[in-house]
Amino acid sequence: MSVTEPHPASLLEVTGLTKSFGGVVANRDIAFAVRPGELVGVIGPNGAGKSTLFDLITGFTRPDAGQVRLDGHDVTGLRPDRICRLGLGRTFQKLRPFHDMTALENVMIGAFLHTADVAEARAVAIDALAKVGLADRAAAHARGLSTGQRKRLELARALATRPRLLLLDEVTGGVDPGAIPGLVALVRELHGRGLALIVIEHNMRVIMDIAQRVLALQLGEVIADGPPAEIMRDRRVIDAYLGEAWRA
Amino acid sequence: MRRALALVLLLAVLVFPLIFVRPFPRHIMIMIFLYGSLATAWNILAGYCGQISLGHAVYFGIGAYTSTLLVRDAALTPWLGMLFGAALAVVVSQAIGYPVFRLRGHYFAIATIGFGEIVQTIVLNWDWIGGARGLFVPIKRPDSLLNFQFHESKAVYYYIALGLLALALGATRWIERSRRGYYFRAIKEDQDAAASLGVQVAREKQAAMAVSAALTALGGTFWAQYVLFIDPESVFPLSLSILICLVAVMGGVGSLWGPLLGAAVLVPLSEGTRVLLGGTGKALDLVIYGALIMLIAVFQPAGLIGLVRQLARRPTLTAGARAQRESAA
Amino acid sequence: MGFVYALVAAGLSLIFGLMELVNFAHGEFLMLAMYVAFFAWSLGRLDPIVGAPVAAVALGGVGWLTYHGLIRRVLAAPMLAQIFATFGLAVFLRSSAQFAFGADFLTIKDPWLAGRVSLGGLFIGLPQIVASLAALGAFLGLHLFLSRSETGLALSATAQDRQAASLMGIDTQRMFALGWVIGGVCVGVAGALLAMFFYIYPDVGGPFALLAYVTVALGGFGNVPGTLAAGVVVGLVEALAGLLIPPAFKYSVVFGLYLVVVLWRPQGLFGRF
């Protein structure tokens, strides 16, 4: 396991992050850093603790031990809304749209972070919806959207908060395979504009495609941290997760 | 077409006391306005923000008692007393909200019931403010706006109540269209997701609570000046909290006009049963209420407004969508 | 008395564990049970002890009716609707009782058990003691049922994981209905016992409901054995509070306890949630 030294230019720094739930260790001593504009992929079998890691970083759960630093400031255990305001956004694996509100209204909630004016928020929201390709569904109620559309909606919503670092939890999970390239292109475009991203993914092709660095988790621990090509060849990762077919 | 209808309705409401000069019809309308504004106030917290408070009578009582005590001991005009009442209600609401908003759903509801009971018990046992005997509002003659007492006719009360209702509706409408309104609805749907988008959930809830409490307290002062006698049993009881909640639910929570519609249906119903059945009427109308709540919960959680919309075969618009459509027009 | 609270709370806890629904009408169920016991006594000359099974059956029926008539339809509804459903039921029952029976306080006179017993200097009413023991017995019976009998185990399984249980072939609808029936039965027994020495009137359900909520919260929502210990604690707190401060504030203290529990240890002392 490679140990990342605290890097003065890091956007996000995680050290010694540990969390147990009633005897089950979900995250143990996780440490890594993300630089501004970097796209880091996170892989690992189910139960490896990936979503828990996101919860810990974004303040949804308090860690038992460890630290989360954003821009050098300690943000460990702060409330989620604080962390969002500091520039960290996230999407959820189990989608959580506001069902009774339209897509536009959903995104406006995110937009309202930076403005109190309704008209302005609406403009920002329309813009964000356009960016994710949902402009034509703006007036539709969130509960009427398909999974792929809901994924985009959550993305647009988080984007409207103008994060500097966005945590995407399984953005291609449950999405119709034909829609995946579109989503990937979207993520790549966002990255191209300077957004730093941490992306949890099961789809290896997607990871290989966009990630600059990959973190492999297993049973709550980081077992590898490096460029995708290297990770794919790492013995421990293969044994834990990828299986023979990936030995290239 | 709708505009014309609305105008006619408004006109009818304004000239009502001029046409109906007997006290009873005026009284009914006054009660409709009062319950309408109480329910609308409750709706802000419960309908829009999703926090079901079952102890709202607390603020009603605070409003009533504060202004009455100030009239009695400081000879202060009830209008100022009203403001103090509202201010105190806000303070108490924040104090209650602080622990209670950490709770969700059922737990929250139970906690609000509990606080309501505690306050009622305190007042019942506090002799300086009247205890169980209650307080009489010192009668001042002649009728005067300053003293907020009118013995000759109910007409002025009518317009004041109408004003109160307009205030409550106006506040609701204003919130509905503001950022806060959107935040409330998001919190109601999924407060964790809202937090992940930067919404300061606790603060928003407290804000909703404050507005709601203040408006309710104003109603309390009105009541005190209207009936000129208050006691814990009439202004603090759980049954009043239930009633407020029922009126709003019946009409339609989360909508602007729902609570008023609920009041317009329930108040005449209640008065009607009381007139028809005399003493036992008190229990019977609650029986009907209970049955109504259950029916609404099962069949039409959107309340009468939902029913109206379905009948008019218009698509059910969310409050926000309607605001959106209207401001786009 | 704590045992009686525990019995009342057990039903509440079970229902919550099964379907995450707080029955706001539980106090009114208790009230109904007391009235049933009263009428069994006044019309059928049945002493409350004998009337207890009658009340149990009656309330079991009420529970079943409530489930099928009301609860089943709001299971999928938003929580608001669920709260209102049971809340509406509570209002309906309470005012129906007032309408049908009047607001007068009723008592059962000359029950078989009367008089007081001295326990080391403390005078305790005999009915109270019997009620406690009977409640304890009923509670243990419930516990045995839940942990030993096949139906009982099925019930517990459903409470723990609804989907897994249904995958195993357990009919969740029947389990839910059963939960309500049992809740009714518990309350029925408790009500009959209480009728021996409590005044009976339409609003009597209120304070008991509050005590039940606190007991359930303390014992952990969904944790039936926990409610026994919790019931004892609540009973003690209530008794102490009654001694130390003006009785009017007794319930405020109990409610304060509820707040403390729910804010500091939402899982209760032994809870799962």
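We call the chains A, B and C, going by the order they appear; numbering starts again at 1 in every chain.
Heads up, the rule we're going with is that a contact is a pair of C-beta atoms (placed from the backbone, for glycine too) under 8 Å apart; a residue touches a chain by one contact, two chains touch by 3 or more.
Treat the numbers as computed from the prediction; the structure is a model and nothing was measured.
Colleague: Report the most central chain, judged by the distance from each chain's C-alpha mean to the global C-alpha mean.
Modeller: The most central chain, going by mean C-alpha position, is B.
Colleague: Could you tell me between which two chains the number of C-beta pairs in contact is largest?
Modeller: Top-ranked chain pair by contact count is B-C.
Colleague: Hey, which chain ends up farthest from chain A, C-alpha centres compared?
Modeller: For chain A, the chain whose C-alpha mean is farthest off is C.
Colleague: Roughly how far is chain A from chain C, centre to centre by C-alpha average, rounded to an integer in Å?
Modeller: Their C-alpha centroids are separated by 47 Å.
Colleague: State, to the nearest whole Å, the distance from the C-alpha centre of chain B to the C-alpha centre of chain C.
Modeller: Centres of chain B and chain C (C-alpha means) sit 33 Å apart.
Colleague: Per the centroid of Cα atoms for each chain, what is the distance between chain A and chain B, given in Å?
Modeller: 44
Colleague: List the residues on chain A that touch chain B in their complex, please.
Modeller: It comes out as residues 58, 60, 79-81, 84-85, 89-90, 92, 96-102, 104-105, 108-110, 112-113, 115-119, 121-122, 139, 141, 157-158, 160-161.
Colleague: Within the complex, which stretch of chain C touches chain B?
Modeller: Result: residues 21-22, 24, 70, 73-74, 77-85, 87-96, 98-99, 103, 206, 210, 213, 217, 246, 248-249, 251-252, 255, 258-259, 262-263, 266 of chain C touch chain B.
Colleague: Along chain B, where are the residues that touch chain A in the complex?
Modeller: Where chain B meets chain A, its residues are 177-179, 182-183, 185-186, 189-190, 192-201, 318, 320-321, 324, 327.
Colleague: In the complex, go through chain B and note every residue touching chain C.
Modeller: Its residues touching chain C are 50, 52, 54, 99, 102-103, 105-107, 109-111, 113-115, 117-118, 121-122, 124-125, 238, 242, 246, 249, 253, 280, 283-284, 286-287, 289-298, 301.
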